[in-house]
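Take a look at these structures.
What follows is a pair of complexes built around chain A, which joins chain B in one and chain C in the other.
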Partner chain A sequence: MTGVPRSSQMPATPSRSAVSMRVLLSNEFGLTALIALTAVVFALTLEGFTSPFSLFAMGRQIGIDTMIGLAMMAVIVTGGLDLSVGAIGVCAAMTFGWLAQTKGVPVLPSVVLAVLLGGGLGFINGFAVVKSGVHSFIITLASMSIFFGIMVFLTKAAAYNGLPAEVSAFGKFKFFKTISPLLLISVASCIGLALLYRFTVLGRQMLAAGANARAAELSGIRTGRVIVACHILTGLLAAMAGLLVVARTGAAVPSMAGQLGQDWLLPAFLAPVLGGTLLSGGRVSVLGTLLGATFVNVLTSGLLLMQVGSFWILAILGSMLLAAVFTDRARQVFLKSRGMI
Partner chain B sequence: MKTIIKAAAGLLMGAVFAAPVFADVKTKVALVPGGPHPYFAAWEKAGADAMKDFQLGAADYKVPAKWELAQQSQLLESLLTQGYNSFLIFPGDAVGTTSVAQELVDNGANVIATAGCLKDPSPALFCLGTDTGNSAYLGAKELIRAMGGKGRIAHFTGFLVDPNTQLRIDAVQKAADETNGAVKVVQVIADIDAPQPAEEKINAYLAANANNIDGIITTAWVPAVVAANSLRKIGDKRIKMVGIDHDEVVIKAIDDGFVDGTMLQNPYGQGYVGSYVLDKIRSGCKLKADAPWKSNALTTKFVDSGTVFADAKAAPTYVNAMVGITKDLKDKFDKDFLACP
Partner chain C sequence: MSALEVKGVSKSFPGVKALNGVSMTMQAGSIHALLGENGAGKSTLIKIVTGIYQPDAGEVRMNGSPVRFANLRQSAAGGLGVVHQERNLVTRFSVGENILLDRLGKSALSRVDYPAIWREADKWLKLLELDVDPQTPVTRLSVAQMQLVEIGKALSQQSRVLLMDEPTASLTPNETQVLFRILRKLRDDGVAIGFVSHKLEEVFAICDRVTVLRDGQNACDSADMKGMVRGDVVQMMIGRAERITARAPRPMPSAPPLLELKAYASNLGHRDIDLTIRPGEILGLYGLVGAGRSELAKAILGLARQTGGEVRVAGRPVQITSVAEALHTHGIGYVSEDRKAEGLILMHSVLNNSGITIWTRLAGKLGFLRDRRVEAEVSPVLQRLELKTPSLQQTIDNLSGGNQQKVSCAKWIAAGVKLLIIDEPTVGIDIKTKAYMHDLIHELAAGGTAVLLITSDMPEMIDVADRIAVMDGYRIHGLVENDRNYDRMSKAIMGFIHGREAA
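Moving on to the complex of A and B:
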């Protein structure tokens, strides 16, 4: 977990037991334990849970959900949010489809251009937020409809299903019969983001701007630029998520994220919030986002195998999001009362 | 911490190797719509009847919680893991569902696109559904007959993203054009196959224009129910109406004289005969190369599951009509489509 202290006074050097307590109370530890526990229980009790196909499908979905979660996490860092992640993802996917299928552009340049488009759409969001001073909720609510509407107008809602064969081959490829490359791309992105937040000036500035924008401004950080950078990062990651879905379906489909891209909103919030990213900004957990997406998918997969109705699974996921917010609040209160934060 | 992780990993590995191996060879059919919709409710009984009549291992109706491509894909992957080896699928997207259908086939399962088609090329054996254009055309002809061969028609229909919708619009227009101007389609309201938009738009239209139209045709389930209710509420038996499907509200409105008839589709037959054909294919039957396939906008391997007009005389016994066309459909498969050893 990466963050900046919210109090002006740094806590004294913590004792070893205090550090252990903090580890035990961390989201990452809790999620790791939960994942291990649920995975073991499901593996022992459910037929097929550990079959190669099941593990592959689970890993592939974890890869996609993690990337969607990272896209939202990148803007939650500043205390903002982006409701247009799904719309950006679909726009990037359709742009990729148009380039690779209609224009005959090779796959790799098409990927780069589609991701850059995502970054561009993120820039529009960030620029509008900073220049207008309106909360990102309103700006991205509007841009979600605008981006999606323009995409439908330009493509006439027609899918691209004649993509080069290597696109769907990539989505179906298996390392050791079980590991999807989509998962590996997400893990690599997690590593990149962790390095960004921990070791780069820009990353630290993003966290500082999210923790206390006024203090960051007084420290010489140009928070407006930082917020725009966060939205660009969100756009880039949302575009990558869109391309992962294209690899999975082997086609660029306008409905891949539902009407206006709204189907992505639950996984977008669920993974980072479960993982310990603060909705108020200033603290981020890249590992937690990966673990959050993993837990959600392990649980979903197990519940589906138990033949629990899809309606109940949706209710359980919604409840988990609420529980994660309350648990985080309780942990904060507890750690504060022990002088650990 | 390390000890806990090692222990969890050990347990998981143990569970992986202790997991039972699935070895069921009976036909297990999953009937999976794109999401919840009353049209598909008949699939549940169709599956249960098929399981009993053809001694299948299972024929279960499984509904995704939402009309969301990712949810349907995840459910299908889970059902494959659970040992289902035969699938009747209403594609959540005519292109986007192809990839997951291909994975099912790659893992030894058979797939029939049911009630809606996958776009060619697809791994589905064929598409079994209503010839929507023909059904709408026949319904419009019945309506024109009820109107005395002249007047103004309003057409209420389904989602524009559904390729069937345009076919229905064109078919109703074609029937009107054949009257040489005696009948005009004065209004087409689409995108309303859900309660909220249907209530809003149909009621608003009838409030303003009930006196300006002589007939209503509905070519989607929810608009049929809402329009039937509206005519009952305003007590108007002057306006002639032909609906679609067999919702109780529509059947009752036919009984009471507010609706002139309905175009029955055959969801029961799709589920029942589809399950039968999948079992036959698993037991070694092949599809004849010279089978009389029809074509539509999506595929060249289409089989019409049948449609029949039910008026006030036929409405009380509409179940018999559905049983009749189901029997005809099964006989047609035995005679024209299946080559069994």
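Moving on to the complex of A and C:
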């Protein structure tokens, strides 16, 4: 991390203690510690927590929640949000069901088309946000209802239960008796996104436009296009999340993400926010999103094994979202006061 | 006993000493001018008096007793009214509600007594000779009427001291005359009025005392204006003509023009703009705040719509519709006057801020880009600018203003722009970096870059520019060759702005 600082005027690089302090205070470190702690406690106290099936189910759900979190993260980058991720996910899932079951299109092309549909819906969101200048909250609140409404109208709210056998086989498949391919797909997506933000012009432009759209525009970035690209990415990822759910359940069901797809909103925000993605935009942590989804699921699985009611779990997750936001603020203030960020 | 007394007030911000032992004494029944160039410390002084900032040293007294306000609400309660430069009215509310906005009821839940509000507001409107119904929504008022409502709002808080920051900036001459008549009436009623303005003729028309600030210090402290002439005040405001270091005269570039505007008009209000900039030339664009200079820069960059005339880049007629096009197709860059909002991405690193303009150019296949490639391009530029930073990964928010400004320039130098528009390059920057920026601009021009320099700092303009175009009211009023004779140049420039009167 040097380049310029060879001239004599440059002060020394930050002290080692400052660097390690920054690592210790990072979201990723905190989450890893929390995951390890929770996992160890549950493993020691709860029977069946470490059984191959429990690990498999946990991993599969981590894969799905990570994908949902990534979808939201891709648009939080811009300082915006997308309430329609659930609706887009369901629309993609139903499109896949229609193609694969009714139209007899082979699985792989159906997947590609469904994901592209998600990208298209994301484009509609992004285009409307950029052209109108209205905050994405309102735009996507509207599009959530529109997408979901049209989907219900077209499918008559009927599920596709007769999907090709390989779909549910894929959802049940296990590597080494514990690892779901769904998790692997999400991890691969994480790697792809990390590369995007770290090593591509588009990714950097997304972060720049998210941090300060005006300055980015005046530096020659076509901010409007970049923001549309973020929404398209969100659509693509939401569609993939929808297909992962289809693989898990073995069917495409209109109610798989709740009414209007709202059941996805809590995991969608929890994973990136726990992971340290800044809600005001301009900073992401892909690894943090993966860890955030992991922590949520380790905790949820443990609590379920303890037979805690699912409504209590929801309340706990909601509180965690609040706590994450507050600790993030506190951490920012602390690091800032020490001049570490 | 003076209505408001400022004694030896100092205030520092990180990297800048904004005020250094400033004093000012305002008497009841007097209109007191507070003058100074941009960055001289006028706004800081007003903010200290009204409690927005706390002074590092010195004190503020009202009617003889020391006061220390913690915020605007306290200073208002203490009898200090302020009319800010920007409008602070709730436009959807009525005139009466706006005047009494902070006293609509005893508590948050008590009933609003509208008849009483209309009565009370009417009293102030009458005093201000403003013939509108207090129930009129503010949206229906003219700008001048809104200005008067703001004054009414300040007065209704029983203010005996009224500070006005550029109250005439958006008024026509007629409206200004009305405002002045009312200010004189208030003065005769015993109100102490502080008047900040860039328009010297107004100051001479209405003020009887003057305090001039220069670089955060008193150039004069509450002097009687009797017998003063315009030249005296200008001398105090810009002072030390001797600071203009005689730069070696530069050969006039003879290359064909890089940018030409002919009878250019924009939807922002620019009309009949004729400008020509050649490679290697520094063209100054002087004007007061609100003259339309930064707006012209942004119009050239494609952020406004061209409504008439012609733009030529390197001889070819063009229509620039976005900053991306200005940069990547025509090689035009813009260093914004608002570094924090428009120039830099504060939460990102030095590397990302200085490389943002060249990402596209450096990208490999599929848009892939390594930090090392950006570093290799940016490092020599940053080294040349003697940037002080612990590392390239440092968040830019943590650098000093001067170093931030270097990065805002570095990104355009790295991009190799052919025309660089630099807007107020040295506002809020220490003197050493300021001199450095001036050298840098000269160095760039010597290397063949065309520079359009926008500044309200007259010494800076005369120090740096080759030719100076004077803008006022979104038009070019004149163009002078800079002979670096301070008196002659400043007179010529002011002459263009104030028309015949100043000549």
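List of remarks:
In this section, the second predicted complex is superposed on the first by the 328 of 341 C-alpha atoms of A that agree within 3 Å, B and C clash if a C-alpha of one lies under 4 Å from a C-alpha of the other, contacts with A are read in each partner's own complex, and residues count from 1 in each chain.
What we mean here is this: contacts are C-beta pairs under 8 Å (C-beta built on N, C-alpha and C of every residue); 3 or more make two chains touch, one makes a residue touch a chain.
As the structure is a computational prediction, the values presented were derived from the model and not from experiment.
Contacts of A:S54 after superposition on the shared chain: chain B is touched, whereas chain C is not.
Of the two partner chains, chain B is the only one touched by A:G171; chain C is not.
More residues of chain A lie in contact with B than with the other chain of the pair chain B and chain C. In the superposition on chain A, A:A211 contacts chain C only, with no contact to chain B. Once the two complexes are overlaid on the shared chain, A:D263 sits against chain B while remaining clear of chain C.
Using the contact criterion defined above for the overlaid structures, shared-chain residue A:K131 touches neither chain B nor chain C, since it reaches no partner.
Of the two partner chains placed by superposition, A:R329 touches none, neither chain B nor chain C. The touching residues of chain A, when paired with chain B in their complex, are 23, 29, 32-33, 36-37, 39-40, 43-44, 47-51, 53-54, 57, 61, 64, 157, 159, 161, 168, 171-172, 245, 248-251, 253-256, 258, 263, 300-301, 304-305, 307, 309-311, 313-314.
Listing the residues of chain B that touch chain A in their complex gives 1, 4-5, 8-9, 11-12, 15-16, 18-20, 22, 62-71, 74-75, 77-78, 80-83, 92-96, 98-100, 102-103, 107, 119, 161. Per the touch definition, chain C reaches chain A in the complex via residues 301, 322-324, 326-328, 334, 336, 341-348, 351-352, 356-357, 359-360, 363, 366-370, 375-376, 378-379, 382-383, 386-393, 395, 398, 411, 415.
The touching residues of chain A, when paired with chain C in their complex, are 1-5, 7, 9-14, 199-202, 204-205, 207-208, 211-212, 214-222, 282-283, 339, 341.
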